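For clarity, chains are labelled A, B and C in written order, and residue numbers in each chain start from 1.
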Amino acid sequence: MDHWNDWGKGLGWGILGVVLLMAPFLLGTYLLFVFSVICVYILVALGMNILAGYTGMLSLGSQAFFGIGAYCAAVLGTRLPGFPFVIALFVGGLLSGGIGYLLGFSALRTSGVYLAIATIAFGMIMNEIFGEWSSLTGGQSGMAVPLPALGSIQFQSSTELYYLILFVCVGMLILFYNLISSNTGRAFIAIRESEISAQSYGISLLKYKTLAFAISAFYVGVAGGLYAYLMKYIAPIDFRLLVGIEFVVIVIVGGLGSIAGSIFGAMILFALPQVFAGLTYWQEMITGLVLLLVILFLPEGVSGGINRLAGRLRITDRSRE
Amino acid sequence: MLKIRKIEVYYGNIYALKGISLEVDRGNIVAVLGANGAGKSTLLKAISGLIFPVRGEIEFMQKRVNGISPHRIVRMGISHVPEGRELFPDLTVLENLMMGAYIKKRIKRIADDLDLIYGHFPILSERRSQTASSLSGGEQQMLAIGRALMSNPRLLLLDEPSLGLAPRVVEEIYRIIRGINGEGTTILLVEQNAKVALTLANYGYVFETGMITVMGRGADLLQNEHVKKAYLGR
Amino acid sequence: MQLLIEIIQQMIFGTVMGCIYALVATCMVLIYKGTGILNFAQGEMVVFSTFISYTLRVAFQLPYWVVFPLSFVISWFFGMLLEVLSFRRVIGKPHLNSLMACVAVGMILRNVTGQVWTFDDLRMPPPFSDQVFNLPLGLVISPLFLGIIGISFAIMIVFYLFLNRTRIGLSIRATAQNPTAAMLMGVPVSYVYSMCWAISASIGSIAGILIAPLLVLNVGMFIVILKAIVAAVLGGIESLPGAVMGGILLGILENLIGTFLPSWIRQIFVWVILLGVIIAIPQGLWGRKKQKRV
């Protein structure tokens, strides 16, 4: 019975893999673009999940790391034409990770609501810097993002961009899964459940909280770089507080603490505006309504709700309530 | 006065009371004894409305009480002094007492009751402008009891009044409790300190993991072999 | 000497803004003390009420001495409605839930306000003359300033008396300290929660009427109000007098910084203060460390 399950799972992943690879041939340009954006948000969701879902810390400032990653890609591509995009993404991720690590120190002194407020403040400060450092970032009006490059090769078409993003996403997903299953992942969960107990097991809050922030920022930073390549133009308004809120909405709606939840959340958050296309004025309200309804009635998010229906546990530990 | 019939109560996920029936007659002092976690506090919370039983009935003066919100139960004449006292830490002694009289409207009546309480607990009168958190353990217990009395309850529920207090203080508090009972208030008392409780009580019940194992008159329980071995340290 | 005059002038402006921060911070601290929820939607609530006041004043042409109390009452019910619809289910749940619930309500409110009225700027007629008078030494003042300061202080005094000298006020303070005990005293705790939200919304509406003529009435105005969070944290999130002091202090500091440093620094100044306070003095300037339970 059990290894039938394994066969089923393997087959499922296989089919999924084929579908994803064939996507450019099945979908039109626009839908491919949507797909690509969803992948970016999945990465964001993974990053947010490390903080909110696994370690239990709420950050409303992650949009700053999104911006750092995005501006890194843009600036490096502009100043150094032909700069390999992989390295640009990596640099964006590392820079975000480094700053995230520092931000993580503030999590040692604060928790819960105070931490959230601190991260808001951080996000506001970074946003202001994006706007003021005109020489580097083009100021409030933003800057254009050159195509992702590898020396003289440029990735121009939607198909090429899609494969690029898919490649990065899958890689990061595998990394994520390994992380969660490792001791580090378990340490995160232990901290979420009870900081005091975790400490008595010898888990250093200093080490793991800052690490969680750093890894989360890394993911969001890389996602930011991909976002920049996709959108081809970025400005400080892309990294305002509302964006950070939407990031949290993704993981709450999707379900905290699960990979499936991250995927659901990204899909829901991005699919909704598409469904109501042309109603940009309504976007904020719809996002707010969805968030509110989820919090009031489905505190575990969509994946948690599905869990309850199916009565089974998913890939990782239970979602946070 | 108080009739409890076969109540089953959950405390969170724990099956705390497994079909308890007991009675408290008017004018009596009834003690409920047992170890930690036996369900004693849960019993009081079920009576005062902080928890609702999933099965069974609680009747007070012929009126149904289970399933009713705590703030309405107080108005029916039951006052609960919870475990840990649950005072209002930053309010003064006087303000705490005034909160006790929340359900009463007539100022004259409140003033009279205040004098009565100060009569039982003179130390509270001295400290009336101090915050509750600045009092000693014994004084806090007195404040908690005094506060509960401000609503002129017919039935007073006391949860571990001796907890954390020195023996001399415990004696004094129990003396005062006897006095309160003498003035006509029925008392249902939960205690770990069996000896003190049984010396005072007319009737007693022993709880073990959510069920009643022994019951009887106070004097009889003091002689009961099981009770002596388990709770009186002999 | 010129510098000194400039400083005093900025302090006057700062006190005016500070009174508004103080009012809104008081609203937030009331809700936090009473229900444990940090109301991130306070800004949007204030803006919403202010738009209502705008309609009362401009569309219905009601005089301000009618608009003030009418707006107060309407906002009272509005606050209760919000609590019943959304925040009631969130009390006692983890902070993440209540925080995001507030954020969600804020988003919805902001959007609804823009849809029902407009996303553009509106000019709100001032409740007091905004004519500027010159004082000796080159200082300027205006009846509007005095009106703002006066009404703010009046409200704060009335609120203080309400909270500390009335039976209802006592029950609110008691519930804030120990809801379980309050229930055992016969306090209908859910009414108390509703009342906290109602009062908060009402006071907020007055703050909105006072500030809107000074700035521009606009859906984005909530950011200004968001700074009240900083004031509340600065003063101590559990301290009502702290909210007042924090508000005025913030207003004055903000203006002084703005005078002497480039404007973008003034923008981030508020957030830097917030970060600093949270990391260094989390209980705020007037707060105390976590109290022990009795």
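The rule is simple: contacts are C-beta pairs under 8 Å (C-beta built on N, C-alpha and C of every residue); 3 or more make two chains touch, one makes a residue touch a chain.
From a predicted model like this one, the values you see are computed outputs, not experimental measurements.
K.L.:
So which chains are sitting against subunit B and subunit C at once?
P.N.:
Chains in contact with subunit B as well as subunit C: not a single one.
K.L.:
Let me check something: if the centre of a chain is the mean of its CA atoms, which chain is farthest from subunit A?
P.N.:
The most distant chain relative to subunit A turns out to be B.
K.L.:
When you average C-alpha coordinates per chain, which one falls nearest the overall C-alpha average? Tell me, please.
P.N.:
C
K.L.:
Skim through the chains and flag the pair connected by the most C-beta pairs in contact.
P.N.:
A-C
K.L.:
Once you find the CA centre of subunit B and the CA centre of subunit C, what distance in Å lies between them?
P.N.:
43
K.L.:
CA centre of subunit A versus CA centre of subunit B: separation in Å?
P.N.:
Centre separation, subunit A to subunit B: 54 Å.
K.L.:
What whole-number Å value describes the gap between the mean CA coordinates of subunit A and subunit C?
P.N.:
Averaging C-alpha atoms per chain gives centres 34 Å apart.
K.L.:
In their complex, what parts of subunit C are in touch with subunit B?
P.N.:
That would be residues 167, 170-171, 173-174, 177-178, 180-189, 291-294 of subunit C.
K.L.:
Spell out the residues on subunit A that touch subunit C in their complex, using ranges where they run on.
P.N.:
52, 58, 106, 109-110, 112-114, 116-118, 120-122, 124-125, 128-129, 131-132, 242, 245, 248-249, 252, 281-282, 284-285, 287-289, 291-292, 295-296, 299, 320-321
K.L.:
Under the definition above, what is the set of subunit C residues touching subunit A in their complex?
P.N.:
Subunit C reaches subunit A through residues 38, 86, 89-90, 93-97, 99-101, 103-108, 110-112, 114-115, 119, 229, 233, 264, 267-268, 271-272, 274-275, 278-279, 282.
K.L.:
Within their complex, state which residues of subunit B touch subunit C.
P.N.:
The touching residues are 48-50, 69-72, 74-75, 79-80, 82, 84-91, 95, 98-100, 102-103, 132-133, 135, 140, 147-148, 151.
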